[in-house]
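What follows is a short report on a single structure.
Chain nomenclature is as follows: A, B, C and D, assigned in order of appearance, with residue numbering initiated at 1 for each chain independently.
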Amino acid sequence: MVGHAFMGAAHSQAWRTVNRVFDLPLRARMVAVCGRDPRRTAEAADRLGWEGHHTDWRELIARDDIDLVDICTPGDSHAEIALAALAAGKHVLCEKPLANTLDEAEAMAGAADAARANGIRAMCGFNYRRVPAVTLMRDMIARGDIGTVRHVRAAYLQDWIVDPAHPLVWRLQRDRAGSGALGDIGAHIIDLTQYLTGQHITGVSALTETFIRQRPLPEAPAETGTVTVDDAAILTARLEGGAIATLEATRFATGRKNALRVEINGSHGSLAFDLERLNELEFFDATAPPTTRGFTTVLVTEPEHPYLAAWWPPGHLIGYEHTFTHQMRDLIEAIAHGRDPEPSFTDALSVQRVIDAVEHSARTGTWQPLDSPTHR
Amino acid sequence: MVGHAFMGAAHSQAWRTVNRVFDLPLRARMVAVCGRDPRRTAEAADRLGWEGHHTDWRELIARDDIDLVDICTPGDSHAEIALAALAAGKHVLCEKPLANTLDEAEAMAGAADAARANGIRAMCGFNYRRVPAVTLMRDMIARGDIGTVRHVRAAYLQDWIVDPAHPLVWRLQRDRAGSGALGDIGAHIIDLTQYLTGQHITGVSALTETFIRQRPLPEAPAETGTVTVDDAAILTARLEGGAIATLEATRFATGRKNALRVEINGSHGSLAFDLERLNELEFFDATAPPTTRGFTTVLVTEPEHPYLAAWWPPGHLIGYEHTFTHQMRDLIEAIAHGRDPEPSFTDALSVQRVIDAVEHSARTGTWQPLDSPTHR
Amino acid sequence: MVGHAFMGAAHSQAWRTVNRVFDLPLRARMVAVCGRDPRRTAEAADRLGWEGHHTDWRELIARDDIDLVDICTPGDSHAEIALAALAAGKHVLCEKPLANTLDEAEAMAGAADAARANGIRAMCGFNYRRVPAVTLMRDMIARGDIGTVRHVRAAYLQDWIVDPAHPLVWRLQRDRAGSGALGDIGAHIIDLTQYLTGQHITGVSALTETFIRQRPLPEAPAETGTVTVDDAAILTARLEGGAIATLEATRFATGRKNALRVEINGSHGSLAFDLERLNELEFFDATAPPTTRGFTTVLVTEPEHPYLAAWWPPGHLIGYEHTFTHQMRDLIEAIAHGRDPEPSFTDALSVQRVIDAVEHSARTGTWQPLDSPTHR
Amino acid sequence: MVGHAFMGAAHSQAWRTVNRVFDLPLRARMVAVCGRDPRRTAEAADRLGWEGHHTDWRELIARDDIDLVDICTPGDSHAEIALAALAAGKHVLCEKPLANTLDEAEAMAGAADAARANGIRAMCGFNYRRVPAVTLMRDMIARGDIGTVRHVRAAYLQDWIVDPAHPLVWRLQRDRAGSGALGDIGAHIIDLTQYLTGQHITGVSALTETFIRQRPLPEAPAETGTVTVDDAAILTARLEGGAIATLEATRFATGRKNALRVEINGSHGSLAFDLERLNELEFFDATAPPTTRGFTTVLVTEPEHPYLAAWWPPGHLIGYEHTFTHQMRDLIEAIAHGRDPEPSFTDALSVQRVIDAVEHSARTGTWQPLDSPTHR
């Protein structure tokens, strides 16, 4: 694993847990973690449960006893690490967004396609696909439970930089993060819009805003620097199947901590989800009798629900971290059975294209069409 | 109508509205209102829409052009007015609780039985039976939607006397009000327990409490007087069909303003209601598929729902006051068609018997059985 | 009153109730109602409580004993009736949207301005401003409870034409209704966005869709006709104070019956409202202590809340219809005290300009700026 | 660890995780697990991460390299194992209920008291005390945020044996389980009632019921056996500080999967919790301004909240399993710092005494007083 901050800790918990809960054909060994600072990396290895540690990711790739590289760094280093790892015949799990530029993302998708021929697997970490309620939502839409999709209403609302005194961290700098709310959390709802409906976005009209343009420098709080990414992005979109969508990603929704919300309305029903209540799914079945019809709060903790048979009895909740545990489970299964894991780098590239179109539309004030990709 | 305070205003709004919304065989004429203070009663008549006014309820009963007497006074005068009105051949609508003592209640039920033979109707004002969601709940239980009833969990929670500075109003005096939370709001959940399940309570074990025993006198706030009623009553009960119940009535549930909550669990499903969201009913259908099962929030505003076809389009809420409008509708229908309205005085007497048993159990600390009434 | 369908019934209930509940300087007399069909209009007058009835609105205007004309017809007749009424020196209450075209709306606003000089009042019926929770929300934003507004997230979701078999009623015809979801329900959230924030919309980017283009004719269900209005409209917008907004109006949100939802995020707090729970307001106060901070569900039924002191005790809900009762109260107060009621025809014209810009943007795929009006 | 079924799996996940997330003075080593079946125990050890395995718990106790015994077996073996472990100088963590009989529980509390003198620690596994929202609730009550406690309303609702075809598992047999819903889940709410209020229960009046008395045998489904425990227990209680309480434990609340709900009303505020939304706490602050007062949904995921600083960013939920992780953290801290962990065996004995009184009251139909314990 490369990187041992927030994402690294979450991935480590998942790697430690996945074989303890799921019965899998392969057992993950946590060989080594890589970070820039030797002392802090050694400490992280010890605390998070990695056998070894390195300060150069190239050393990881050079090791014969490592089969998979898990990339948990900021977006500006994804492409270089992933391309090297794939070239070295390592499976790759890469955090989202896939890359900071469309060029990098295209190169990564190409490399993943080439590696596939050699049985090498690449997966992008859109972990919210693995919330059981979200997986269930996709399954229900795919089997027609809500009919033809008419509306997608997705928002990812956070508020961690509402305070103007919040420092200019790397996530607020374009050269490190690529974009702001758009790439960090907007990427998730763009991916979910396409994943849940099984349809590509065919065009967008967007608007971005940076509410606070100067912020204190982390290392010198008396000085300020310029925020070079968006604080919020809002957009309307069309999907290839005829549905229309509104999407919103913001770090300025005061009081909303991690509110990833998706509601999808179809001709025969609707589904709604909120990450702040991640064990629940709301379902309206328009074919139910008129007197007892309504939104049903499904507590997604039954053994019949995705991933849940391996966990606790009904009504015993799981948390955020297990989206990663489920991701590792699916990746291990895919590697063991010689299947391609989802989301592929091509899926992630498709998200990247939408992000690019959003930024273009926001600059020009015009509708931005997106070509339907030839493969997915 | 006798009495023109809170209940009088609510009943007046219902009498003014009922024929404007429902298509009924009889039209209500608001002939006269009665109160003790001449000036305030005249003002109330003018404001609430009554043609005339009196200061002695006997004058109402003496009038030939009055067919129905609506009793909205405190419980200590219910029996005298109702008995006189029935004896004079007037239909009677009497607010709950039916009376302050079991003896009075028995006399009233007897008088109502006798009057019925002459085509005279008597009804007790347990208005919450007429919340459409509550009526729907009863209908669903009656037709077997939740199977055999196992549990009733009912609470009526208010908080209007939490402050020790709240004065010693008539509702806190035993001679006027009969009892405290028990008779005022406990009566409603006792009635709903029996109404919704269609079963009588066969025994109770109860505990009552008065948290604040001295309060300022309304007319002389520097002096205090003794609270002679309960602030809260809690009880366990058995129903004739084998279900068990917990009931709680309190005026000390800080933050709960008018939270009448009932949940009923059956062998095949459950239903739950909260008066603070009176347009909603929660329904769990255990026969639904395991993956999409859950509590469904039915927005009870559809034309297929009880009473609602006469009101606004789906999703347009109705309020508290229309429980009375529906009560008036059902009473008018019953009178016009020569049917007995529900709840009858006998139904209300049955509630009174439970209240009496609760007080007895609270005094003695023992289980108090209730004979099953011979008729209902 | 002109028109006696759904809106006419709701207005009648409000006119009947307003002086019974509120203590006002003037008492409303329900002189006459006007409709096209003589028999049905006579029946409506009798049922709804109007003293007389006419089949030509010009007869209403000609009567000396009528001081105010309440226009409840479809949008294509608003301008003609309102202009004639104002010219005749009648106060006017006109249902929204103000008119079907921008030209008509401008003429009406001009006529209202001219009439004002003679003490004649004009008001447009954006009744949802009078939901107590909505009025409270505006008051809280105006006094700075949430700081600088960053985001508006407004949606008005209905589902009554999801079924392709739903007939081609007048609301689906451009010549009668002006537009579809946009003018019918989108107008409400455009008005609320401007009302709640106290800021004008300065530009929009929009997309509209008609999902079902052919529908059965009401009078000949075997034949179909063309839907000439939008089924849904979605848009992003900017406000003059720097906030950004997403708005969505649709009749295809399966399961959402009357879900007018507005969430506003500010620099120090947030507020959220849902018309399907109209007695509640959600408030996040970012200045509260971190351990006990969260969204507070305010049950807007306290005497300290707007309009509520005249109604029932805390926790006793009011319904949809009383948005109109409150509207009549404010109109009567304005007339009696010689003040201009809100929303004025100019406020309604401002909504109309946004609607016009939305349609233009949807046609061209470009950002559509809106000049800030010189007066409001 | 003794036992490797549901509780054993949950405890193992906690032991594996606790040192990875929390920075602690001691590191837990998972030395060995004990079970009756050699093959299944070996498999469990491998899957759950234990270094060794035994089939006799006496072997665990005999090992010098084991300092702590974690007892996850049914209640009938708790006393024997715990007494032996304490006598051997091992720290003990024992699952609830402490024992199947009051005599055993008293012996265990006595042994724990004696062991304490030698620096040996004993803790009972009432894990729900360690839900961060529950710990916060206790802290808030202790510091006076809701004033004097008036009401406790606690229910633990499950539905896993609603179906009469559910087999006669060990939890339905008195000799193995001690009691039914009462000891299994009722024990939790009895403990929480005392823990949250800081007050002992001083008397109870209770009623128990077994709705389905014959069930299929697990090993021979064509035959049936007798259920010898309660399906449900309901009770009223008094607390030493003057509050009154209703408690309900049932396995027949259809649709409620794991709904442990506690609401506590005080003179200045209220708090409410539901385990099915375990990351949330509801707080009503009666000292807040009347217009913006209401129940606040605190999303208990902030670093200022109990246990949460070690976990994920705000808004990222934790799950059921981490109640055990927190339990292990507190136990390790207590051992390292030579403090007594809570809940002690004496705390658990106090719960046992209430359970005993409940059963006595249910048999006799009378109020059952409880002596206030001399120590806690």
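In the analysis below, a contact is a pair of C-beta atoms (placed from the backbone, for glycine too) under 8 Å apart; a residue touches a chain by one contact, two chains touch by 3 or more.
This one's a predicted model, so the numbers in the text were calculated from it and none came from an experiment.
K.L.:
Which of these, A-B, A-C or A-D, gives back the C-D interface, meaning over half of its contact pairs coincide by residue number?
P.N.:
From the options A-B, A-C or A-D, the copy of C-D is A-B.
K.L.:
Write down the chain pair with more C-beta contact pairs when B-D is set against B-C.
P.N.:
Between the two chain pairs, B-D has more contacting C-beta pairs.
K.L.:
Among all other chains, pick the one whose mean CA position is farthest from the mean CA position of subunit A.
P.N.:
B
K.L.:
If you average the Cα atoms of subunit B and of subunit D to get two centres, how far apart are those centres in Å?
P.N.:
40
K.L.:
Just the number, please: Cα centre separation of subunit B and subunit C in whole Å.
P.N.:
36
K.L.:
For subunit A, what residues touch not just one other chain but two or more?
P.N.:
256, 293-295, 299
K.L.:
Report the residues of subunit A in contact with subunit C in the complex, numbered from low to high.
P.N.:
Spelled out, the residues of subunit A in touch with subunit C are 146, 150-151, 153, 155, 157, 159, 162, 205-207, 209, 211, 232, 234-236, 238, 242, 244-246, 248, 250, 252-256, 263, 265-270, 284, 286, 293-295, 365-367.
K.L.:
Which of the residues in subunit D end up touching subunit A in this complex?
P.N.:
6, 10, 12-13, 16-17, 19-21, 23, 47-49, 158, 160, 256-259, 275-279, 299, 301, 312-322
K.L.:
Report the residues of subunit D in contact with subunit C in the complex, numbered from low to high.
P.N.:
Touching subunit C from subunit D are residues 136, 140, 145, 283, 285, 290-299, 302, 304-305.
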